[in-house]
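Working notes, beginning with the structure itself.
We call the chains A, B, C and D, going by the order they appear; numbering starts again at 1 in every chain.
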Amino acid sequence: MDVMPKWADVVLIPVISILLAAILSALVILAIGENPWEALKLMVDGALGSTYGWGYTLYYATNFIFTGLAVAIAFHARLFNIGGEGQALIGGLGVAIICLFIPWPHWTFALLGAAIGAALFGAAWAAIPAFLQAKRGSHVVITTIMFNFIAAAVLNYFLIGALKAPGMEPATAKFPEATHLPSFQDMFNFGETTFFRGAPANITFFVALAACVALWALIWKTRLGYEIRSFGHSETAAKYAGISPTKIIMVAMLISGALAGMMAINNVQGEAERLVLNAVEGAGFIGIAVALMGRSHPFGVLLAALLFGFLYQGGAELALWTSIPRELIIVIQALVILFTGALDNMVRMPLERLFLSLRRAKNDGRTV
Amino acid sequence: MSDVAPAIELKGISKAFGPVQANKDISIRVMPGTIHGIIGENGAGKSTLMSILYGFYKADAGEIFISGRKTAIPDSQAAIAAGIGMVFQHFKLVENFTVLENVILGAEDSGLLRPSLSRARRELKNLAEEYELNVDPDALIEEVGVGMQQRVEILKALYRKADILILDEPTGVLTPAEADHLFRILENLKREGKTIILITHKLREIMEITDTVSVMRRGEMTATVKTSETSPPELAELMVGRKVLLRVDKVPAQIGRKILEVKDLNVTDDKGVHRLKGVSFDVHAGEILGIAGVAGNGQSELLEVLGGYERATGLVKINGEEIDLTGAKSDGQSRRARGISHVPEDRQREGLIMDFHAWENTAFGYHHDAEYQRSKLFMNNAAIRKDTEEKMARFDVRPPDPTLEAKSFSGGNQQKIVLAREIEQNPDLLLIGQPTRGVDIGAIEFIHQQIVALRDQGKAILLVSVELEEILSLSDRIAVMFDGKIMGERMPDKTDEKELGLLMAGMTTEPRGLLHEAVEAQLAHAGGDAGKEV
Amino acid sequence: MDFATLLQMLDATLRLATPLLLACLAGLYSERAGIFDIGLEGKMLAAAFLSAAIAAVSGSVWLGLLAGIGASMILSAVHGLASITFRGNQLISGVAINFLAAGLTVVIAQSWFAQGGRTPQLTGDARFNPIQLPLAETLQDVPILGPIYYELISGHTILVYVALLMVPLTWWILFRTRFGLRLRAVGENPAAVDTAGVSVIWLRFAAVGICGILCGIAGAYLATALQAGFVKDMSAGRGFIALAALIFAKWRPWYALYACLLFGFLQAMSLRSDVIEGVVGFQVNGQFLDVLPYILTVVILAGFVGKAIPPRAGGEPYVKER
Amino acid sequence: DPAILFDLGGKFDKSFNESAYNGAQRWAEETGGSYAEVEIQSDAQREQAIRRFAESGANPIVMAGFSWATPLAEVAADYPDTKFAIIDMVVEAPNVRSVVFNEHEGSYLVGMMAAMASESGTVSFVGGMDIPLIRKFACGYAQGAMAVNPDVTVIANMTGTTPAAWNDPVKGSELTLAQISQGSDVVFAAAGGTGVGVLQTAADQDILSIGVDANQNYLHPGEVLTSMMKRVDNAVYEAMSQGEDLEVGFNVMGVANEGVGYALDEFNAELVPDEMKATVDAAAAEMAAGTLAVHDYTSDETCPALSF
């Protein structure tokens, strides 16, 4: 029998963890001589106070949905994919190649092509660590870390070499106009009033939402998802049932890599419309926090990604208007990972004791 | 007698693991220089109680008195200081350390290792002579057999000058001969004035060696009696709480055609150890073939090969058709497609996903079945749930709620969920390992009836069990495994536990009496290397 | 490549290998005790910052070193709390610590010194200066050995020698002392240690603490010996290379030295494209040399060059009661 | 109010950004006005930052660094009433002022000084990220050195190929040591934050160094030969002073209009003898007069004096 009711596990614990992270963050802000309350107001205003802010929040959230889902699906197979960063970088390479070298007639085709390219490239980058885990038992955490560094080098190699556009920067040329994805500004332009003016959120957000739904169905409704979850809960049982560990590790990591790679349609094709060196900017790592907070459930991931989107946009505004450096966001992110991931038991154990004694009290009341 | 303080006295010990009350207000007295047995069903709380005495767990309530003095045992350090040593059910050894290093770990003389090691080497030699506890001090633990590992555990305790020795199910992994050897050691220790607590499931051992015995049931201590004043049936009743009927009613087998044919099966594991060595046998329709043997002699590998998740060489035919033993088609799925069902030995690690709902577990392994699919892509969860409800009803699973997670069922009911899933597939061949491990008597009866009923439908059944009684009462034919080989086949009505026990120790049984003695002598001489892996 | 160039490159190798070696040995203690640590990077970074900051403020590099060790120890304590006390996921804790350090160092540096996340430049006693070994000057002219002694062996900061001495010391501690035996045991089977009457928690905290000290020295070396001040992200992935070296060395001290020297040499080589070109005859991509440690580690992990078997209880919290 | 956007190194990088910051400060002090500023931390922030300032009504908006070009090109048209100034890159838009510097000219001058100060006949260069702009520095430096001493050896190294190369003092330091072992006794760092490591190591090893962008002579008094001044401060000051009437178009700052030069102050006075100063000033005068042409690497991506 479970010690705690389900709602406590999925809602109460994450909320308390986030509160703890928030309190510590506030202390950090206080310590550097700023007012946490003012900072929060600025963040809320900057991220949610205008369609412009929302446009950025949703743009960041889109990135985090992809990387969060990537980490989540791997978690379901009890694999810890820290390689989202590298996979998203290489996904960007795929998007760039697809957009630059194929004359697309219309953005819809370009989107489809880029999505496939991004997924394939991302998956390919996850394939080697996956293979090594499946066949050689090399820990996927270590190999994906290594592959993040190697990915950065590979990207660099192309951006100062074959794909470099003339000019100072190591970046590709601007993608052709036909690959331009409709931004929220394009989509929600009603003549007089333009919503989301200047914000980078684009149609990819809906692709991300679709990915959430698709992944939810995959995990909970399909045979493959059933097998992935089985394997994640118990490798020995999965073997007994005739579920091939090799297959599940490969498939889960390939899906994971593909999702991380698909982030590139948002930031590379949707926003920058060219590939630059540090296009991913840590989103791969934020995916870890997002998946942890979202309890690896696609809808949890969505909510957590929105929260982090808010943090990122709010944090950027904070950096623009106050002297609080943007690194504060990294601190907050670290605290969220720490409390929701590593220090989970710190919150859980006292709560479990609480629920246990509540139950005992209730039972005693009944029997006496 | 009365003015001698008990070596150990526990008063009112209680311990809960989360919602599970493992020990409830337990009190017990053990007199010095005696062997005190503790019996009880799986999960009764025996190991928990002893771990509390050894300071491994902390009790929620209760007091401990050692030689009449109240002693706080917050950790194993304190237990060792109080002269207590414990050999756990699962050994606590560092696999890639040598015997010597394991012995001195935690009992080193000084900051530097060298002096401790040389003292331990001398000490070990003395102990070996004194108690027939021969070990190779420089062997790596991972390279020696369980028998030797157990001796290392005992030596660890003696090296720490333990006066009180707790042994938790020490014979579960030993052959009868090794067990006899162990008991001789224990007798020696007792003669030296040491106090011994022995946990076991085997009533025979209790009757043979203990002076007093305590019985535990569901976390409570139900009785403590003098061994000489009790009998196995009485103990069994105390254990379960009601009269026990152990015999299975069954009609003679109607042997049909050959369903399973196994020829020259060989398995080498990833460490390069030869686990199965040319195993051959047949199972026919309408027959239960029982495989007896001490755990770890290749039975698990045999089930795994037939179940499709261990690679092997050799020949296996089911219904006359050869099955793939190495290729891509060698997995649980293809075995099930061939009409093989499998109730695995360890339901919690293999047979069930403990975090899945009961209904999800019902599809486990059969999640490709057409009836469970909604479309090419999606599973039909509603159909699975409905099917589960029916199966739970037929197998009397309590509570009959498909949406509960597997881990919230008790052991017996978990086993019924697995059985329902596998038996209801109507297989040609049922592989079944340790069907009643950790299951109470009531459920054992039910499960045995189901197995026999399946046999009577003309199915072939391969039964693996370490419980000789179970093997003897269920099987129509018995094969004994030792060290990856089949030592011989016997008919249940033409053999007995003694003969099977010798086979299980790797002895052929022809000139019986003589050999028995020869074994004992050899074991005594070599320090009993029988468990050593080859 | 002439002798002098070789000496210069080996000299650079030694300097660059030192932080790797310290961090690698740090990881060795922790992982041998069963606590995986991918937070080496973060601890180094935090130590680099605080050592530079305190050295700059106090003018004493020794105070700086202490402060750096302190910073690293605090993060170690967090890691210990998460992975030992609260039995959390060690990998996740490591990731969090890396981020925490990356963020906090800049936030604090900015609010403290307002120099864009950097500390003031250190001068004089606020940094470690090279020390000349005895007779280095006099022996300089002895052929071959003289220059080796003078150029390569002498003339490093004290921390370089500390790092080198740590190798035999670590070996000795691990394999010749009671503490080492227990530490190795707790990484293989904590239950064995526990039932032998030794506290698993204490041992693991001790290991994590030693890890903190060594990472602290590594970070302080970066900011106060190799450099004269802190700049953001100055650990630049060295913690991960150290981790790679640890795997490469299969968790053994002497091999850790060799692995770190190899990786240090690769870094030194990537600085001398002219030399590489002279030796191999064509231009080698500097990026390739930079990632070569990672590639080599993956190859090792793949088991093509001997298998790396981590301590058996590594990464798993010790859970007695569910 | 005007606004200024700094590049990734941050406004206290002791070089390029700090120079821009000094210009803004000078304007603020002299006019008593105030300005908005931001130090971005990532590339994705660039467009956001420009827009934010534009939306908030800042005018003109000055941005320091070539990386602003792409986002600015994107954004400029959306805010036709706002004036923008970008330093180090050309953006063609009706409301943008593009300021570029003749770094090769300034580098030529300090190259001359390096060759004159060198006793070993070998001088060296440490660049930051390997981009054409930095090669332009290196090429000018080598030409200057060779103009003084045709036999001089010029060693040039780049720190890396990613933006991290601007912030890797450890590597800068190691590169300097490598160059010293190859005989160099004067090193010119054009490497942003990496240069801090270069100058530090040069001072530690008792060779001369040359700073860049801002006047870095004070960092190690008596050990920094000079600094190649790129008067980013002047460019910023000028742009801010012109206010909303900012003159748009292309603006080249070279030796002729004191956009680039070398630094001479109390920290390096002893290192620069009169005769050295005279030679360099003469060359500067020739450049201003148009009689001495220094090859600009970015014009054709080749360098007559150095191979990369």
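Everything below uses one rule, namely that a residue touches a chain if its C-beta (ideal position, glycine included) is under 8 Å from a C-beta of that chain, and two chains touch if they have at least 3 such contacts.
Quick caveat, the model's predicted, so the values are computed rather than measured.
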item: Most distant chain from subunit B, judged by the mean position of its C-alpha atoms; value: D
item: Approximate Å spacing (C-alpha centroids) for the pair subunit B, subunit D; value: 77
item: Where subunit A and subunit B are represented by their mean Cα positions, the distance between them in whole Å; value: 46
item: Interchain centroid distance [CA atoms averaged], subunit B/subunit C, Å; value: 47
item: Centroid distance [mean C-alpha coordinates] between subunit D and subunit A, Å; value: 39
item: In subunit D, residues with contacts to at least two other chains; value: 39, 161
item: Interface hub residues of subunit B, defined as touching at least two other chains; value: 18
item: Shared-contact residues (touching 2 or more other chains) in subunit C; value: 117, 232, 287
item: Every chain pair in contact, whichever chains are involved; value: A-B, A-C, A-D, B-C, C-D
item: Subunit A contact footprint on subunit B (complex, rising order); value: 18-19, 307-309, 331-336, 342, 344, 346, 349-356, 360, 363-365, 367-368, 373, 377-379, 381, 405, 408
item: Subunit A residues within the subunit D interface of the complex; value: 52, 56, 152, 156, 160, 167-171, 198, 200, 267, 271-272, 274, 276-279, 281, 316-317, 319-320, 325-327
item: Residue numbers on subunit C that touch subunit A, as the complex places them; value: 38, 78, 81-83, 86-93, 95-100, 102-104, 106-108, 110-111, 117, 232, 237, 240, 243-244, 247, 285, 287-288, 290-291, 294-295, 297-298, 301-303, 308, 310
item: Subunit C - residues contacting subunit D, complex; value: 4-5, 8-9, 11-12, 15-16, 114-118, 121, 222, 226-229, 231-234, 236, 268, 271-274, 286-287
item: Of subunit D, residues touching subunit C in the complex; value: 9-13, 17, 39, 157, 160-161, 164, 167-171, 173-175, 177-178, 181-182, 193, 196-197, 200, 219
